[in-house]
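Please find the structures below.
Two complexes, one shared chain (chain A), two partners (chain B, chain C).
The block that comes next holds the complex of A and B.
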């Protein structure tokens, strides 16, 4: 579904990705974990065309998409839920969902996709006329995911969807992602909730200072001594 | 209801020049139509997309100079060549817009303002545009009242085309995309809104409509000079009218333009130009401070609030 080969990216002179390679098979749940500043967000921004790549190749659904503008990448089915949700505070929930289906491919399935999303997040149906700025943090995250789902993704990429949420809300978000994956949606998750991210992952990648230093089946990494030492010691106490 | 009002207004405006109306009311309405066209056209990029251009005089002047040029060199009537002026203004927007639209907020505002001044400086120094002497056009040999009627209808048509275009953009899919860009361009981009294409389309359409108005205006003045065809005041006025009426809707700038034009005229006639400018500026500043979304949304809120009992407000809206 997604093959990334030797990806480099920089902010001005400062290179933050030094040849990242990873593979996501269709139907898989893949997590990318790593400390702050490892380049996780940059990686997603490069993949979805929001940030330019200096070298390397991205192949999505059998075709190279390196250097494509974000709207084309989105239309092909790689849909990105950005960090910090990035909602439109002055627009209603329904307007967000309609906007999510901006591309032509998604537009034709607008009604049924909206029903599907309301089934997944019933709270959004209740709040459909409400302005996004008035939603709670968890509801906003649901809306950000719902808006992305409206684009009919083949692969849904999420950047820290549980950031700043109450634990119960975070659990709800992860449950929804698991359900989407069971329904066949390919998921690429970036998260600092290491335990959750690894437990759910068919495959996980550990990114440190712009390089993949470790990868393998998620639950297996959970028992990796290096991971336990670097991440879980902290994660367990927080 | 609103359809009936629009139809009634259209009939009144169409027969207005034939009910014994003198030249002054026709000239006043003519300039009001022009302000409406300028404000609504500006709003397509400035309001819907939130890119505050302070350089729309460049498009206005290009439209005017293009039609003037064709009249002087080829003898073609600007009533016919005004669309060509629109095309030149739009083409210029397509060229200049791409680099400009990479900037946001105040940077975009400043760069467009400089662009407007730069185009003025260029035209002022090109020999084939008449340079600092300006360009003289010959008007058709009409009675003054006939000419006023002709320009009245021409500018009414421009305003109508502009309003219909602005409305279609706002209510269509492009309008939703532009609204997303205005609210958060990064977010719009990440969900697949083709932001570059939409911003460019909005600017090109806005410039073209502005150039169209410039073409008719240039012919009416019959003498054009960079000082008033590329006047910074015009750029600022377009911004103010849209801000005053309300930038989010397609109808807001119409209201803003009519109010600005009529108040400006009344003050100029009653208290003189200098004092009028001061009073006018203060009034605008007050409105912008007190009603940052413009007058129209405020009026709409009043209308909605009045007949509704408080119980009808959904409980969900009370959430913090």
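The block that comes next holds the complex of A and C.
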């Protein structure tokens, strides 16, 4: 589904990705973990076309998309739920869902897709006329995911969807992701909730200072001594 | 009392033209982060087009059929040919565009002055000087036509922005360009469309102002001041705010002339603006 080969990216002179390679197979749940500043957010921004790449190739659904603008990448089915959600504060929940389905492929299925999303996140049906800026943090995150789902993604890429949420809300988001994956949606997740992210992942990559230093099946990485020492610390020893 | 009412109503009618000019200006400011100094100058250009056509017997309202499509294309061309190349060079677009559009406004003013001279012009039509009597109010037909034009155009803009897919895309880009790009919205297309609509609305405002006011090549400077005032009071990012602010500015200008000499009206307006900004630094309606 997605093949990333030797991807480089920089902010001005400062290179933050030094040849990242990873593969996501259709139907898989893939997690990328790593400390702050490892380049996780940059990686997703490069993949969805928000940030330019200096070198390397991205192949999605059998075709190269390297250097494509974000609107075309979204139209192809690589849909990004960004860090900070990037909602439209003065627009209603319903308007977000309509705009999510802006691309031609999705627009024809707008009604049924909206029903599907209201079934997944019932609270959004109640809030459908409310402005995004007035929603709670958890509701905003649901809306960001819902907006992305409206685009009929082949692959859903999420950047820290549980950041800043109450534990119960975070659990609800993760449960929704698991359900979507069971329904066949390919998922690429970036998360600092290492345990959750690894438990759910068919495959996981550990990113440090712009390089992949480790990869393997998620649950297996959970028992990797290096991971335990760097990320799980006390939680694993207790 | 009748005098106050008359001033208030005429003020609201002329205020609708301020509102229309402010709406297009704020659309470009919000979506494209460009302070389009040439905006009122283009409206004055449209007023001259109306003047030219009226001299050949074309009614100002009929001249819309030429002005609106012409100004739409002008807006798209202005973005694709001037603003976008400037933006691609990098640098601070707000600053670069301000200097660039100021230069264009000065150039346009001088072209108009070279062709028609610097003096004021008035468009004369069959109904100039006639008024509708409404109780104690006498409403000039030209004012009613100009205000009607502005009102219909603002309503159309509002419906476009809130009820259509492309209009919602414009608002999305306005509120969060990256979020919009991630919804498969083509930022260049939307920006181009925004310029087309905004400049077309400046054309309509020009037709309306040709109906109501006399104008000269340098008129755009005074209009620019009013537009800034309206957009600051209404808040960039709020069409409704801009409309209310336009009406408010129109009404206040007219009412103030009842008690102070006309030349002092701008002073009164800016004194009010100063007080407003001290009390509500983000404008009346900023979200």
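Quick note on the criterion: the second predicted complex is superposed on the first by the 233 of 238 C-alpha atoms of A that agree within 3 Å, B and C clash if a C-alpha of one lies under 4 Å from a C-alpha of the other, contacts with A are read in each partner's own complex, and residues count from 1 in each chain.
Everything that follows uses one rule, which is that a residue touches a chain if its C-beta (ideal position, glycine included) is under 8 Å from a C-beta of that chain, and two chains touch if they have at least 3 such contacts.
Please read these numbers as outputs of a predicted model, since none were measured by experiment.
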Chain B and chain C placed together on chain A: clash or fit? clash
Request  = Name the contact category of A:126: first (chain B only), second (chain C only), both, or neither.
outcome  = first
Checklist entry - Should A:226 be classified as contacting the first partner (chain B), the second (chain C), both, or neither? => result neither
TODO: Have a look at where A:89 lands relative to chain B and chain C in the superposition and call it first, second, both or neither.
DONE: both
(message) Contact-wise, after the overlay, does A:134 reach chain B, chain C, both or neither (first, second, both, neither)?
(response) first
By the touch definition at the top of the document, which applies to A:79: first (chain B), second (chain C), both, or neither?
both
Practice item. Please work out whether A:179 is in contact with chain B alone, chain C alone, both, or neither, and reply first, second, both or neither. Key: neither
A:108 contacts which: chain B (first), chain C (second), both, neither? neither
Practice item. Answer with first, second, both or neither: which of chain B and chain C does A:54 touch in the superposed model? Key: neither
Dual-contact residues of chain A (chain B, chain C) 48, 50, 69-71, 74-75, 79-80, 82, 86-91, 95, 98-100, 102-103, 147-148, 151
Note: in the complex, chain A contacts chain C through residues 48-50, 69-72, 74-75, 79-80, 82, 85-91, 95, 98-100, 102-103, 106-107, 133, 147-148, 151
Per the touch rule above, chain B residues touching chain A in the complex are 173, 176-177, 179-180, 183-184, 186-197, 314, 316-317, 319-320
Listed in rising order, the residues of chain A that touch chain B in the complex are 48, 50, 69-71, 73-75, 79-82, 86-91, 95, 98-100, 102-103, 126-127, 129-130, 134, 136, 147-148, 151
Seen from chain C, its contact residues with chain A in the complex are 165, 168-169, 171-172, 175-176, 178-187, 237, 287
